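Here come two complexes built around subunit A, the first alongside subunit B, the second alongside subunit C.
Moving on, here comes the complex of A and B:
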């Protein structure tokens, strides 16, 4: 096997899958040859894709059977429409009956596809319920985020419903993207062209420091694979317990305390300072290993 | 319609004790002869982290109160009026998507613990603010004048670069992108459209009685011919080998 790094950020959806799972183990459901395209895009004379911007199937990762989906950020920003959403929902339905070790969602999406906005919003609501249903049945869902579109809009909510959120530093996660906030609220609220600020608000490091992401990895598909293999082993040894009143009360207390603690925060610098980093301006430049080590030591 | 007039129409005069806390509302009311929990927002609320957590906390409290077996889990009535998620750098920084996921998870826990969830859209129901809890219900009803949407057509025209006039024409043929509770009804995400002439107490009772815990929206969208692909395609993937 080649030791050359494959940037998760740069790779296409299918390349990400191919390099993430055990070689040759991916088998795609409803592949592009079947041409499940969006009739809604076609009606608006917008370009269509034969997979509607998402690949779904089954594979093995370190020998564990998984169901896997990867959104293609290069097609309509990975946005969710009727067909795209139905493929993801069907995959999660399948998980409940087939009980794989986990479902892996390689999220790369701005959220709802505006050309079919109602269908997209409903599909995301169905996905939210499907993730919850899958995990209530004891099957963990992992979100892997490191593409150019990040995980925004409803897909940002779906990602946070997942038992694990693995991000690269280049990955971004949130609800409304910086461009939307700037357009509606003005550049003083959020300057979307200030890339450093955008990353300090939405990027992998600040998400990991806050606990919104559970793992931070290098922008390398092999790094995503290694941490996913670790997680699969962990869940194999200690299966996912469905959320309960106790676990959700705990989560509620944590989120409430965090919201109070950062009641006026507007920049990731404040989160990094609270996480005990001494050189705040140096955090964006820190190697992932050193960053993770610091968080572990101060936890 | 004032909030008090709304409550009187939904539950009957003197049959509701609901606290108004800014845009947030919570309390109890009588539905179908039994006490129900009421949680909601008003004044086209913008849902920020704080408001989402208030909703989540109220959901958890209801599950906890009924969890000791002293009475059957009460119905939870969710009153929706939201212009969408808060658009602020602060809320994004501290994880608005995470707060919404938590709120949705609390609604789902209530369902799994036997509570029935019925959403009544009494104002606006817009994108993220609707996803967080309103759309999590077992049964969703739109009151007259309810506005359900992701984005209005003029904004959509700007973003998609498709002329506004063309969108207006296409919206006549398809429910898939234009705002409107009727479109969401056709697509299966709004179960019932209520009219001003209806007896809302009776409709609410009927809605509670037919609320089902399973997610049947894709099948309903197919049946109503507003969403033809979602259900068969999900089934195709689920059955693939």
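Moving on, here comes the complex of A and C:
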């Protein structure tokens, strides 16, 4: 009997949550019927959503209590507005007092919602502080990235602040998105319509090779669930240590080593070459298991 | 942005209580439908918010068809539209009602 796969990429935010956590365990905070919609979008006569593009709540995953948020990439590109950001920051604040095993952020966002200007920017900065505060209190935050919008702009920064970044090859992560780079620097610098280029610069495999993503999984909600369950068990056995001068020195040493290893690379292909892959053209199509095994062997 | 409320009389009431259900996503050519129990028990109240102005007659026809298919009173349905076609609206309404009925509180 074959088990039906649920593509993380194709699923809606709510379906992702429902299939990721233990069946029926999700309980939503600020549910849609409370109608916490964006006052900014309404003023601009733009359509609003009852959840402002993000579902937040508590659940269990493999029995571990977690707080969880999922951004809906199809609503305004998952962009963070005032209400959207407040729901995420509020969830992280709640983690400090409730002490779940982890906070899971299912990121699918292009960054700040430009309609909301300063309110959106403030929301993102509050979110960054909230991630750091939550992790300083010993609660790890995991970013799960596999949606069509990836994690860009402010949400790219938020993702990189998280203790773990789980990605699929379909998910992308970066600061300036491909279209932004093309607009500012010109098409000679970066052709955002060249999808192969976009993925080998921002996709899950190159982020994993660089060490920015800590796990690479298949585009399957069940695969995200399995890896998240492993991580929850790992952090259960070895809790997150608060940052100290030593952890800072360790991070600097890692960054220095990475810079030395990849400083000559100008493209994802060269990152894969420096990571010891022999068939560079074959990497994008390589099975996730084989890719992970290679990285483990050459680490 | 056009907003309006349409109320349709309905012969039968909801037999039991159901938790609110949300269906669909507000993205181009799509819509979200929130279904809740509400008063009065002998009518279906539908509130629409749409960025496409001037289509109220078409909305009235699509919603009347829906209420004829599913004549249930005591319902409050709220729609955030982002330019969905009539066919998409009909399908989404049916889907929302199916998921609403499938869960009891």
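Rule of thumb we're sticking to: the second predicted complex is superposed on the first by the 289 of 299 C-alpha atoms of A that agree within 3 Å, B and C clash if a C-alpha of one lies under 4 Å from a C-alpha of the other, contacts with A are read in each partner's own complex, and residues count from 1 in each chain.
The rule is simple: a residue touches a chain if its C-beta (ideal position, glycine included) is under 8 Å from a C-beta of that chain, and two chains touch if they have at least 3 such contacts.
Computed from a predicted structure; not experimentally measured.
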Superposition on subunit A - do subunit B and subunit C clash or fit: fit
Subunit B versus subunit C as contact partner of A:269, first or second or both or neither: neither
First, second, both or neither for A:157, with subunit B first and subunit C second: first
Partner chain in contact with A:33 - subunit B first, subunit C second, else both or neither: second
Touched partner set for A:74, first subunit B, second subunit C, both or neither: second
Which of subunit B and subunit C A:122 touches, first, second, both or neither: first
Touch count on subunit A, higher of subunit B and subunit C: B
Partner chain in contact with A:12 - subunit B first, subunit C second, else both or neither: second
First (subunit B), second (subunit C), both or neither touched by A:49: second
Distance in angstrom between the closest Cα atoms of subunit C and subunit B, superposition on A: 13
Subunit B/subunit C common contact set on subunit A: 46
Residues on subunit A engaged by subunit C in the complex (per definition of touch): 12, 14, 31-33, 42, 45-51, 72, 74-75
Interface residues, subunit A side, partner subunit B - complex: 29-30, 36, 39-40, 43-44, 46, 56, 82-83, 85-87, 89-91, 93-94, 97, 112, 114-126, 128-130, 132-133, 136, 151, 153-154, 156-161, 173-176, 178, 180-181, 184-185, 189-190, 201-202, 206-207, 210, 212, 242-245, 248-249, 251-252, 255-256, 258-259, 262, 264-268, 271
Residues of subunit C defined as touching subunit A within the complex: 1, 20, 22, 25-27, 30, 32, 34, 36, 49-51, 78, 80-82
Contact footprint of subunit A on subunit B as seen in their complex: 49-50, 53, 56-57, 60, 63-64, 67, 85, 87-102, 104-106, 108-109, 112-113, 127-128, 130-132, 135-136, 149-151, 156, 159-160, 162, 170, 174-178, 183-184, 187-189, 215, 217-218, 221, 227, 229-231, 233-240
